[in-house]
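Dropping a structure here in structure tokens format, bear with me for questions.
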Amino acid sequence: MAEGCELPCLSPGRIMRPDDANFAGNVHGGIILKMIEEAGAIISTRHCNSQDGEPCVAALARVERTDFLSPVCIGEVANVSAEITYTSRHSVEVQVNVMSENILTGAKKVTNKATLWYVPLSLKNVNKVVEVPPIQYARKEQEEEGKKRYEEQKLDRLETKQRNGDVIFPIINPEPHTVGYSQSSLIHLVGPSDCTLLGFVHGGVTMKLMDEVAGIVAARHCKTNIVTASVDAINFHEKIKKGSVITISGRMTFTSNKSMEIEVFVDADPFVDEARERYRAVSAFFTYVSLSKEGKPLPVPQLLVRALCTGLRASGASPAAAAPGQSPAGSAQHILFPSIIQQKNMRGRASGLVGFAFVIFTPVSIET
Amino acid sequence: MAEGCELPCLSPGRIMRPDDANFAGNVHGGIILKMIEEAGAIISTRHCNSQDGEPCVAALARVERTDFLSPVCIGEVANVSAEITYTSRHSVEVQVNVMSENILTGAKKVTNKATLWYVPLSLKNVNKVVEVPPIQYARKEQEEEGKKRYEEQKLDRLETKQRNGDVIFPIINPEPHTVGYSQSSLIHLVGPSDCTLLGFVHGGVTMKLMDEVAGIVAARHCKTNIVTASVDAINFHEKIKKGSVITISGRMTFTSNKSMEIEVFVDADPFVDEARERYRAVSAFFTYVSLSKEGKPLPVPQLLVRALCTGLRASGASPAAAAPGQSPAGSAQHILFPSIIQQKNMRGRASGLVGFAFVIFTPVSIET
Amino acid sequence: MAEGCELPCLSPGRIMRPDDANFAGNVHGGIILKMIEEAGAIISTRHCNSQDGEPCVAALARVERTDFLSPVCIGEVANVSAEITYTSRHSVEVQVNVMSENILTGAKKVTNKATLWYVPLSLKNVNKVVEVPPIQYARKEQEEEGKKRYEEQKLDRLETKQRNGDVIFPIINPEPHTVGYSQSSLIHLVGPSDCTLLGFVHGGVTMKLMDEVAGIVAARHCKTNIVTASVDAINFHEKIKKGSVITISGRMTFTSNKSMEIEVFVDADPFVDEARERYRAVSAFFTYVSLSKEGKPLPVPQLLVRALCTGLRASGASPAAAAPGQSPAGSAQHILFPSIIQQKNMRGRASGLVGFAFVIFTPVSIET
């Protein structure tokens, strides 16, 4: 018996259940994201309260881009481990790894490596960020690398904060494989178990709902078994209060031969608190792949580009421009909405086209 | 009623939890409806398998109009009792009563009395309805009264089946207190725990989601604590298969001084099963009331009538007709869409106006 | 960064949420039991599949008596660790420890130390028990002590298997503080996420429901905030299949000054599967204590002894015998039902009185 050991080596994970998975038995990416975030919240809250000082609760500020390296199945055990890898004065970087384990065969696979940033908020005054106790680094370079990552994410968070929220316009009688055909939205009433001790929604709960909407968009588009392949960096600018209604909306923004990119928006409506209007709380891009019954990647139907709103004139979206044959990208079609153009830019892609697309094809245009 | 019956006295209880309730601590009507339906499904499935014959699972066909007689709070125990009160050759009528109990004070209140109709479907062939073993009646009149109820509901189910589904058109930038302002929709991916042994969604799961949407519509309209007051009869014409995506949409159709009527549609999209298009599975009317912090009924803001869709010309909805001052009902405004007119008629209301409203005010009109 | 370490030292636990707790914020004992059992199931299934051989799933056979050493609150983190401490040819003994951690103050408390016995069932043939790979012991005595524990529990399991199931009769208009006043039952339809890969209910799911019923019985009796203090050894003789309906019934059997003992029965009804009648799957005794708002133990109202069932003549339970003043035990009154008498005997209590009570006081008698 592991004596003298505070938490012996075997701290078992969680068995994946049918309700965690889609009809093909693949665990939803959102379930994994929620587990990752809970682990991050625990370890960073623990760390931030480890010295005498104001009691605080760590709130998720950002998740770096995350890949889903291999699918997790019902009956497998998800083992989550978390470690603090950097601290700035007001934030904590946590590295979370998820390993799936088939306890019948013993096979283990790393499924996710995620990096999350937390900010400690005072338990007494939710608007006050408290100071983070510094961690010790084994090697000097670890601190320097961490500082670099910290500066990079700070810049990205600042930039995304300035963006204005896009709105998903509803489409009546959409054609198959257009954006309007698969776009979906979901409303959720924030309950007590969705929230931290401060009474704000856990970041993991939000990400789980975002993945749910993105998955439905992907499934509606290609009508096959779909799984989350990756999530781009997500910034949590605005807290969401208990009792709010949140609307999570998703639309397909891009397809390649084998993958689909879905943009997801989270809007919060603190409707019992009349002082505040509905606001954009989070937005993110999810990438999905389509799988055959044997789990092999399937080709994805190409996204057809149409004017988004019947009421708006799609000035630049001429039939010729939309013809797949004329697209230099060949198998890929990319819809650029004004706000998406900016977002792509910040995400370091398609930046060369931004001004061009933004000026010429307003409000709806095609990247060629 | 059915004496010598296996279950009547049985009264299973469940403690109401924070996630079952709104921010004011009132348990959602949908949670109660789900408990009622589960009790009904158990007792009728058990009865239908009580004699040698094909194994079967009882599927919900209809719930009669149900009133929520008093609100249930977090920490209270909901006691549900169920009894079979009539059997026809292919259907079972179940009476379910719900009593809330404050286990700290011992106070008990009847909260619901619901009547549900189930049809037993063969476990081997879901399209086959098996025969129901007859029950014994204590008095001859019980059988006669049951037969009358059976005939009545059969007629109503037949009539509602013929109705065409209405569609909720999205509104851009709606004004407060219009239909478009509060209308809401939710998507749900049907998971394993939502389903019966036959792989179809439990009626109670559907009703819980319907109540959730109706509640959000009501809360968005009046921005107060709202509770379910009643649900009109609901017919379940179409089964919903595991793995489907269901869209539940709600819109306000009527306000009186103290109550709101919300119409809710359930559309199922069996998207992995390409043989079938999206279809209307269920629709119903929920009535909500608004409560003060002390639990007293509050006045409800009147529903403002506007043209529903920017793209559609609301020919008959002239400004004059829309003026509240001209409404003889004074405090009540009733929007009649073509399909709703028919529905109101069948529900025994607004019947005198139907032809008139239908002809004159198309596609959007006001009951005066 | 803990390199070379498969699961770095920090494998965070689970945050306790509002739905896990009662209205006073104390986490239900059943939630903890479910976490303990999941940890045990993972580690023992992993071990039993660690050598080449038939794939198998560990099924819970028994939980030894467990004390709840300190209450866990909403917002605290429950850390679970598990270790295999003995293996026989066909069973695995697992020791699970639960530690609650207040991540704001850093305070940690051991809340539970549980011992569970698992039996590996073949994945292909659920009725076949496969062989367990032996573990290595650090010291020779560990094996001997384990063997002794193994023999003891085997004997106890054998004895309890022979017991006849008692039935809880419903009482009409019970008086306060009698058995009938607080007895309660709950029905649960077994869903997919309640089950293991073999399609049988997880032992932890059953224990959570048992604790829920026991908690309702305790709260009805003393109308205060109550918490689980301990659970007697529980044997799982019979598996419960997916799709079954389980009825969990509880009744108070004993009160001391500060505690209540509640007997809980689990009956399974595989109601669409005609081959089998309803059967008793599990039974157990839970001990609860009553707490003040400050968390201090409160005196418990004494259990009043009345004939249990209106339909039965309680021959020996004369008013004189029931008078509290005449009870030599003073503060304790113990109802002995025939089946309970046997159980008490096996649990090493009240053994001198068994034959006597059983013969003279049928069917309900009092321990004096």
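Here are some notes:
In order of appearance the chains are A, B and C, and numbering begins at 1 in each one.
To be clear about the criterion, a contact is a pair of C-beta atoms (placed from the backbone, for glycine too) under 8 Å apart; a residue touches a chain by one contact, two chains touch by 3 or more.
A quick map from chain label to UniProt name: A, B, C = palmitoyl-CoA hydrolase.
From a predicted model like this one, the values you see are computed outputs, not experimental measurements.
Interchain contacts join each chain to each other chain, per the touch definition above.
If you lay the C-alpha trace of subunit B (palmitoyl-CoA hydrolase) over that of subunit C (palmitoyl-CoA hydrolase), the rotation comes to 120 degrees, to the nearest 5. The pairing of subunit A (palmitoyl-CoA hydrolase) with subunit B (palmitoyl-CoA hydrolase) is characterised as same-residue: of all residue numbers used at this interface, over half are used by both copies.
Each chain gets one centre point, the mean of its Cα atoms, and the points for subunit B (palmitoyl-CoA hydrolase) and subunit C (palmitoyl-CoA hydrolase) are 39 Å apart. With each centre defined as the average position of its C-alpha atoms, the distance from subunit A (palmitoyl-CoA hydrolase) to subunit B (palmitoyl-CoA hydrolase) rounds to 35 Å. Multi-chain contact residues of subunit A (palmitoyl-CoA hydrolase) (touching two or more other chains) are listed as 18-19, 192-193. Residues 18-19, 22-23, 169-170, 172, 184-189, 191-193, 212-213, 215-216, 219-220, 223-225, 242-243, 245, 269, 271-272, 274, 309-311 of subunit B (palmitoyl-CoA hydrolase) touch subunit A (palmitoyl-CoA hydrolase) in their complex. By the touch criterion given at the top, residues 9-15, 17-19, 38-39, 41-42, 45-46, 49, 52, 55-57, 74-75, 77, 101, 103-106, 123, 192-193, 197 of subunit B (palmitoyl-CoA hydrolase) touch subunit C (palmitoyl-CoA hydrolase) in their complex.
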